[in-house]
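Same chain, two partners: subunit A is paired with subunit B first, then with subunit C.
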Partner chain A sequence: MTRLALRNLFQSRARLAISVGGVALALMLILALDAVVGWIEARVTAYIDTSGADVWVSQEGVRNMHMASSSFSSSLASGVARVDGVESVTPILYLTNVVEAGPERAVAYIIGLPDRALAGTPSVIRSGGANPGRGGAVIDQGIAEASGIGLGDTVQILGEEFDVVGLSAGTASLTNSIAFISSTDFAGLLANPRVASFLLVRLEPGASAEEVARRIESQVRGVTAQTREEFAAQERKVVRDMSTDLMAIMNLVGFLIGLAVMSLTVYTATLGRRAEYGMLKALGAHNRDLYLTVGVQALVSVALGLAVGLMFTLGLAAIMPLFSANLGLQIRAAALGKAGVAALTFAGASALLPIRQIRGLDPALVFRRR
Partner chain B sequence: MLIAQRNLTQEKTRLALSVGGVALAIMLVLILDGLLVGMFRQITAYLDHSKASIIVAQGGVQNLLGATSLLPPGTDDRVAGITGVNDVVPILSRFVILDLHGKKQPVYLIGYSVEIGGGPWEIAEGREPRTDREMVFDRVLAERHGLGIGDLVAVMDKDFRIVGLSAGTASWMTSFIFLRKPAVEELLRAPGATSYLLVSVRDGQPPEAVRDRIGRLDDLEVMLKSEMAANDSRLFGRFFSAPVRLMTGIAFLVGALVVGLVIYTATVERQREYGVLKALGARNRLLYQVVLAQALLAAILGTVLGMGLARAAGTLIMAARPQFLVVLQADMTGRAVVIGLGMALVAALLPARVVARLAPAEVFRR
Partner chain C sequence: MASSTLQVLDVTKRFGSGPTEVTAVRRVSLTIDPGEVVLIMGPSGSGKTTLLMMLGALLKPTEGTIRLNGQVISELDEGRLPEVRLRQFGFVFQDFNLLSALTALENVALVAGLAGRKNGEARSRAAAELTRLGLGERLSFLPEKLSGGEKQRVAIARALINDPAILFADEPTANLDSKIGHDIMRLLRSIAKEQGRSVVIVSHDQRIKDIADRVLWLEDGEFKETTTMVIDPVCGMSIEREGAAASAQLNGTTVYFCSRGCRAEYLAEHAL
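The block that comes next holds the complex of A and B.
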């Protein structure tokens, strides 16, 4: 029966291509969207991961950077520096603003760095320096290239002009880039210059980040302290929680598409072979055997669809960097599992539809002329 | 046409599947479009409901939601003194993340003056804040998290009591919450700070002329309200249009695949009949018309059904998830029809090939 199913399946190449293509499209929708979110989740923490800070200190109740706001008195930095296990404290300022480079305007996280910052500087510098200094700015290389500017050119940030002194890499995402200016310049533009947004804490060798974070919270009032990993996890959670509803809709769309295509192809394939199935019944085949044939066809179709869908997604992930440096795909194991379950559901549901047809099939049908 | 109709309607389940396939695809396209239009409406809701016609922001900032604006101190007085300006409403706004029942919820925080304006445009329940520890919370977000009047919500390092619930301030991505401006200044450690000025003009004054006059002041970005709303739509449209277009494309392909498969199967099954027609002298053109007419019939029926389904699905989505706004506009009907016809044309290609290759002698074999 398995052989019969396979021969049935491969005999009509057009139908096979439609069913495999439809399932592949549906599963690709599920896989690609999850992969985009996976990539954004990974990229959204790039600055945190490479900041060099072991502990992040923010305004009490603030647990992440993305779409968040954190402000506290910069004098708290000295209190944090006195906590056991703390080697250095780098206060940074942070706001979402716009980098105007030539005719281009791009939304950017603006980071204000103190002179000789021990943490928080851009980790990869393509040209120039990592320290912006007074009147200088380090901007993302991709943004600079898109605007046709380079070292020594002028950009506008927070409404003021800055000279580009460094070009960084890995500091841009789908939504924004990161630009670095000096804390002194930044503070001059704030209503209250004596504030910090975050304190980046480096630890003495051997100190536990968890313990130091708890000590900071208990000894310094008005702050929340988290290890780098905790802070990055909170950041990923923002992306995940924001995309949950959208993902649910997309997954439902992909699921409905896959289900519709598979049900239709299996149903029409069975319909087209009524005479053959009638012949098998006339020769003594049980309904069970025919169900198996239909089931195997559905299973093989979705397995092929899953493979093609995965190949499409991998191909998309490979070519995406050629089109956009700010968007990528990171395929996750959980999404593969989800796509696999969806594929099995497509196969199961689509095989159920023709059961009534097969059960009601008259073996004598084969002897009639259409 | 009669042959096409009979071919198509003879097998009821197959007809239902093809019409259902097109309807599903059309419904998807319309719902996705409706979600996108709804999202743009939600994004610009605050500006749309503001009485101001001009928005003043920090130099270089052209969005309300996309970037943080910090105006130089004293800007409100300077703007108020300009000819043609009727009144100036300062607001201090910022995105913040709330932790609600273990979920991260971005909200757009607006600090405003109850006396001057800039707050919620519709209070569904309760009242506006009277103290710096009170807030107006978005009604939909409150319902999703089981919050109501009198409940406390932590915003950064302070707790605020909900005294009012606002309507029309929700979106699936972010919702608006309203505090008194001094409360936001305290939260942001920015005494006296202002993000934007909402400027209305005197009767008879053209907003463009007043905008240009304000624009002569240094370090400011001055825009008509409609210009800033368009900038916000463009910014968010850049993030969301691509995935929606991708899904619309996939929905179109699926619709075409479904109709194509049904017509293809029907054509293959009726090869002998088509052979007879050819043997009797029918030209390929006539047979193409039969195939195309079947595809068109399925597509038209599916499009009509799809439009009805989209309306029902939109109502269902908004009832189940009130943060989503699905706006189905009249012009979308025309687009749905064009898409449906496009599906029919694409779907007819494969069966037409089968018919074209058919030898008239086929009918005499077996």
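The block that comes next holds the complex of A and C.
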């Protein structure tokens, strides 16, 4: 019966193309959206991951950067520096604002860096320097290219003009980029200049980040200390929480498309071979034999659809960076699992109606004149 | 294959109820012996196909019983009927009803597979059966590449693959030309006579009467007439026993002839 199922499936090529294409489209929607979110999650923590800090210290209760505000007295830095296992402390300032380059306005994390910062500087510099210095700014290369500006040009940040002294890479995502100015310039724009947003802590060799973070929280009042990994995980969680509804809607859309296409094609395929199934029943085939035929057809269709959908998604991931440096796809194993489960659900659900149809099929149908 | 007798006793089939009730078959009784070819004829709507479906365990009678070797099959539950159809009966249809996606070999092997045979065994049996029926060169052909006669022979091979006791053929010559139709009927007769299987044919084709042992005329759901077909031993013509032009008694056996000439020739030869 498996042979019959496969032959039937590949005999109706148009129907097969529709079912495989429909499933592929649906699964691609699910996979691609998850891959976009995966990419954003990876990009959104790129600065944290490459900051060089082992422990991030923030205002008590603040656990991430995105859509958060952290502020405490910069004098706490000396207290943190005295904690056992701490090698260096780099205070940075941080706000979410915009970088204005000519008519272009791009949302950006504005980071205020001290001179000769030991942590927190951009990790990849395409041209110019990594240290902005007084009156200077380091902005993302993609943002600069999109705005048509380069080194020596002027951008406006926090209402002040800065000269572009460096172009960084890997500091932009679909939603925002990162711009670096000096802490001195940054502090000059604040009402209280003796504050810091975060303390970037580097550890002595052999020190445990978890233990040092615990010691900082117990010895310095009013701060929250997390390892770099914990801080990045919190950041990803915020992005994930923000995208959950969108993901759910798009997953539902993808799921419904896949289910509708599969149900329709498997149903019409069964309907089109009603006489053959009736004849097989007349010859002595059990219902279970015929269910197997429908099941195999549904399973093979969704397996092909999954393969094609994955292939398209991989293709999309490969060509996406060619069109936009700020958008990419990162396919995750969990998403593949989710797509696999969705595909199995398509197969199972789409086979239900035809199975019911077969169960009620009268084998005497074969004697009715056409 | 075990020889099987099919016994039909007072079978009635009614469809619908109340004012829309239709009686398709009315108190029909019949016994089909092993190796016998029975032709059921009658006008359209006479109940031929309904009767065939009941004989083939595809339809339950409203009243009466159908027994196969003493076992009442008309009262078996739906779960057990496929086994009876698969192993005891073979079906040949007017439209051939071959699976369009499968080759001739696969069409036959599939039914062997349904009976539990492994793929290799099913395919070798199917190939042997098709070759025996003259289709050895057509094993890998799809039905669309076969002629009508070839399709019907594939259908016959499929019907025979599980070694059934009884073959049911529904208008097997309707979609074939006269010569091919006759070839098919002769093939069915040889299957009955050489292999001892019963063959029940439903048809309105008068030209195929000569291959039957018995012709039953069904009208309004009842058998109106039963004709026993006999062979004239001189000219070999198949004739209706009741309408034979001449007959003769020889050693306690009655012999029937199509004409007085044949009788005279026969008696002259046997008197010597």
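In the analysis below, the second predicted complex is superposed on the first by the 370 of 370 C-alpha atoms of A that agree within 3 Å, B and C clash if a C-alpha of one lies under 4 Å from a C-alpha of the other, contacts with A are read in each partner's own complex, and residues count from 1 in each chain.
As a convention for this text, a residue touches a chain if its C-beta (ideal position, glycine included) is under 8 Å from a C-beta of that chain, and two chains touch if they have at least 3 such contacts.
None of these values were measured; they are calculated from a predicted model.
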First (subunit B), second (subunit C), both or neither touched by A:256: first
Partner chain(s) touched by A:285 [first = subunit B, second = subunit C, both, neither]: second
Touching partner for A:4 - first (subunit B), second (subunit C), both, neither: second
First (subunit B), second (subunit C), both or neither touched by A:55: neither
Subunit B versus subunit C as contact partner of A:172, first or second or both or neither: neither
Which superposed partner A:144 touches (first subunit B, second subunit C, both, neither): neither
Dominant toucher of subunit A (residue count), subunit B or subunit C: B
Touching partner for A:363 - first (subunit B), second (subunit C), both, neither: second
First (subunit B), second (subunit C), both or neither touched by A:200: neither
Subunit A positions touched by subunit B in one structure and by subunit C in the second: 370
Residues of subunit A defined as touching subunit B within the complex: 12, 14-15, 18, 21-22, 25-26, 29, 33, 36, 59-64, 66-73, 95-98, 100, 105, 107, 156-159, 174-175, 189-192, 195, 222, 234, 237-238, 241-242, 245-246, 249-250, 253, 256-257, 260-261, 263-265, 267-268, 271-272, 370
Contact set on subunit C toward subunit A in their complex: 49, 52-53, 56, 58-59, 82-87, 89, 91, 93-95, 97, 99-102, 106, 110-111, 113-115, 158, 162, 170
Residues of subunit A defined as touching subunit C within the complex: 1, 3-4, 7-8, 11, 275-276, 279-286, 289, 363-364, 366-367, 369-370
Interface residues, subunit B side, partner subunit A - complex: 11, 13-14, 17-18, 20-21, 24, 28, 35, 58-63, 66-68, 70, 73, 94-97, 99, 103-106, 154-158, 172-174, 185, 187-193, 219, 235, 239, 243, 246-247, 250-251, 253-254, 257-258, 260-262, 264-265, 268-269, 272, 321, 323-324, 350
